[in-house]
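The next part holds the structures, each set out as structure tokens.
One chain, chain A, links the two complexes that follow: it is found with chain B in the first and with chain C in the second.
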Partner chain A sequence: MTNMKRRVFLKGILTTGGAVCAGMLIPQVVLASWPTTAFNAGSVDQTLKDLFAGESITESAKISFPELPTLAQDARSVPVNISTTLPKVSQITLLVDKNPRPLAATYLLSDRVEPKLSMRVKMAKTTNVVAVVKSNGKLYSARKKVKITIGGCGG
Partner chain B sequence: MNLSRREFLRLLAMAGAAGLPLGAGAGSTGAVRTASRGPSDFYELPPFGNVSLLHFTDCHAQLLPVYFREPSINIGVDSMKGHPPHLVGEYFLKHYGIPAGSRRAHAFTYLDFVELAHRYGTLGGFAHLATLVKRLRAQRPGTLLLDGGDTWQGSATSLWTRGQDMVGAQLRLGVDVTTGHWEFTYGAERVMEIVKKDFKGKIDFLAQNVVTKDWGDPVFQPYTIREINGVSTAVIGQAFPFTPIANPAYMIPDWSFGIDQNRLQKTIEEVRGKGARVVVLLSHNGMDVDLKLAGHVRGLDAILGGHTHDAVPRAVEVPNAGGKTLVINSGSNGKFLSVLDLDVRKGGVRDYRFRLLPVFSNLLPADPEMSAYIEQVRAPYRSKLGEKLATTEGLLYRRGNFNGTFDQVICDALRSVLSAEIAFSPGFRWGTSVLPGRQITLEDVMAQTAITYPVVTRNEMTGSRIKTILEDVGDNLFNRNPYYQQGGDMVRVGGLRYTMDPTQDIGHRISDMELNGKPIDPKKKYTVAGWANVSHPLEGRPVWDIVSEYLRDRKTIPVGRANVPRLKNVQDNPGYAA
Partner chain C sequence: MSTILVKTNVGPETTKVRMLIKHPMETGLRKNKKTGKKIPAHFIKTVTCDLNDKNVLTADWSIAISKNPYLSFIIKGAKASDVLKISWVDNKGEHDTRQGKLSEL
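Now for the complex of A and B:
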């Protein structure tokens, strides 16, 4: 499991590097503080507790998933984009509610980075994806459902 | 003509009602003027405005005229309940003011299907459609003909020629623009071969929502802009957004599909920026998705849609942040042709007239050129197609949310030939009807089964797995949010009985599953026969072989009631006729 998560994590960083300006990310810092407990947590609540020590999180319409499919074409590789208009974003976290280990990735961003991320994530079944954004030191979140279906029978 | 004067006047009144002006002023003067001349022709339709679009969709490769029974069950849940397209039978006639027993009642509903089929004859057929298209084009210079897709699949000859018979028919009919869904089941290479060779410079195959998986580059041209009588008119294409889920993804391994509302919005802005005064979407979304999309994007004058096979006689006007979008869905199987006439001024579309014309084969003489072409493409297969397998004692049909009688025959054949306790057959919306007392030919069987992944399977499944499948497919049909619907109807079942409540959520719709009067045990394994597996290519017998073998052995087929589940919470639903 650890290897898989590490791979997903690294893929996330690489994707981010391609999507925005690579030089503005600080991957060394991220790797230095690898949140082992949070990545091993088995529920969204536990993950959030591990990552943010119980800080309150407000729902925000300023976070969106621009191209997230409603029905996943391939559950092994679902494209997830997170975008926000919140100011001074220092961290963006993605959780996949129904995955055995919900934390898919957490990004630490310099506030000069445009807060737009793209990644691909494996999903076990129909689930909410949850984005948590740290803006001006406060936490905000948004969620959207992705349906994983057996397929066939259409048309 | 078999059309009474009274019915004709009613039609005209309806045309007037359908043509409610978008802007201020402009009543239905065209209709009034014509009414005073009296009924001369079922297809008399005075030209209107300066931009005309003709649209047909989901013909499913039916080159010849067909019988096609519209559904008696087409349930809409939540906000969709009781609204078009979720109206059947009497509810439909009442909503649209169509007299019972009339030609239009026969075209649009299942009511008295057999009796009216004998009275009014077949519908559709490309030779008859061609005559109608030519007539309308002669009155409407510059008209564009839009084909909404699902054109290359659905018949024996389309399967055996890998869509080539239909490609030839599209070119001869003068299709200008098309998009796709079942087209993709011939594989990416075949699609590109047709698009780049046969269609080159003649037909634009458009899809703004198909991109490469790696870089998200467009696979097809997203739109075309044409000058029609001096009006710059943009058509954007929208292929079926869930093709790789509903059909085999391995056929199109490098392409990604989706509704892609944001990209569509950008595309609309792009074509408006290039000066398009009319912007329409040629859509294969399905009507519920079209209606939702119309409310969310700005700048579309009309969506001309298909996929869910809904024949909707009036355009639905959907308000949105940019004004209003007309949503039109034009039925299936070559039965209908939509005529959208737009009065376009400097500021854009000012008024419109819309009619969905049923294509009655005996009211429209066959176009000689198209007839000759159809004869020619069928000739090599004629004896094979005509093989008489059995006689049906009752009406065979498929369309509807649950089992049709033809599905019942397929499920019975699967259970019998493959010795399975339970059979599953996909909830396709295509598949023509066979009248009682007629011979079932191989061509009829192929019209229910002609797909590129036809191999039958026989598996053991636990009762709980069977429930999961029914719940999953049920949610693709009845999810309250159209963007989570996949299109298609409920999986057809043989042997198994169950109760369904379409108004519930996934996991809670299906109950009381039983086999031979005994409850299904979640832990017990049952043998289940099926076909149309989408996960990977299989070797084995195609389903038409199994069904043909079953029919040949029986000679006559008694037709009872289709195995429709017991339904809960639908008694007052206008999409349900018991």
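Now for the complex of A and C:
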């Protein structure tokens, strides 16, 4: 990886000049942390193993999904928010159990950010939504079921 | 025109940041109904949020995040004059950045 980057960098200087090359490098630097293996994993268990190297995860009632609907109107855009009262939260991860690739998103939080995030997520079918929170260096999780109706008719 | 739409709500103790990014978030699993060919994946992988050049939040996203992604978060103890910088980069290497004072975003 480092060698590749250096090669790209050198090539950039030789062929296109420094300015363009600096522009091209930005995405690579930003992308450095994207956990490819975990994002490609096909099950929740495998994803957690890839992402957290088999660390144990404790269920916690201090994690909630305040506005997550139990019945989703539009599977392409389900509002998900994760909130926790756990202290010193450094990472929040969201998994959608029945999606082909369960890992939906993982967030790294500094101590300036409150552990309350909202987003919109696609869901393939009726599924459990799992949140994993890293608090004080330990992992905690919570889950909630979301029912997906195709075409908006109950079932 | 930036692809990033930001709304901030600066309060005495916390600041709520809401953003909407214009992006197709194509999964790579859908097929074009006319040609039967798969539409290639095109999705945002990483979003970074910096406050006064210090990283406060980094999001790594998958194809499961909805089209035109929405994200909101809350910053503690920020001032209206603090500068927030939001950047995204997708799987094709396309990227965009928006920055400004919290009171002006």
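Note that the second predicted complex is superposed on the first by the 118 of 155 C-alpha atoms of A that agree within 3 Å, B and C clash if a C-alpha of one lies under 4 Å from a C-alpha of the other, contacts with A are read in each partner's own complex, and residues count from 1 in each chain.
The rule we apply is simple: contacts are C-beta pairs under 8 Å (C-beta built on N, C-alpha and C of every residue); 3 or more make two chains touch, one makes a residue touch a chain.
Just so we're clear, the structure is a prediction, and the values are computed from it rather than from any experiment.
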* To do: Check the residue A:136 against both partner chains and state whether it touches chain B (first), chain C (second), both, or neither.
  => neither
*asked:* Touch test for A:122: chain B only (first), chain C only (second), both, or neither?
replied: second
Between chain B and chain C, more residues of chain A are touched by C
Practice item. Could you look at A:85 and tell me whether it touches chain B, chain C, both or neither (first, second, both, neither)? Key: neither
Just to be sure I read the superposition right, which of the two partners does A:37 touch: chain B = first, chain C = second, or both, or neither? neither
Mind working out whether A:76 is in touch with chain B, chain C, both or neither, as first, second, both or neither?
second
Dual-contact residues of chain A, meaning touching chain B and chain C, are none
Chain C partner, complex, touching residues on chain A are 24, 26-27, 30-31, 33-35, 39, 76-78, 96, 99-101, 103-110, 112-114, 116-123
Chain B contacts chain A in the complex at 150, 181-182, 240, 242, 244-247, 249, 256-260, 262, 307, 426-430, 468-469, 472-473, 475-476, 479, 481, 483-484, 486-488, 491, 506, 532-535
In the complex, the residues of chain A that touch chain B are 66-67, 69-74, 79, 126, 145, 147, 149-155
So, in the complex, the side of chain C touching chain A is made of residues 14, 27, 29, 45-46, 48, 51, 54-67, 69-78, 87, 89, 93-95
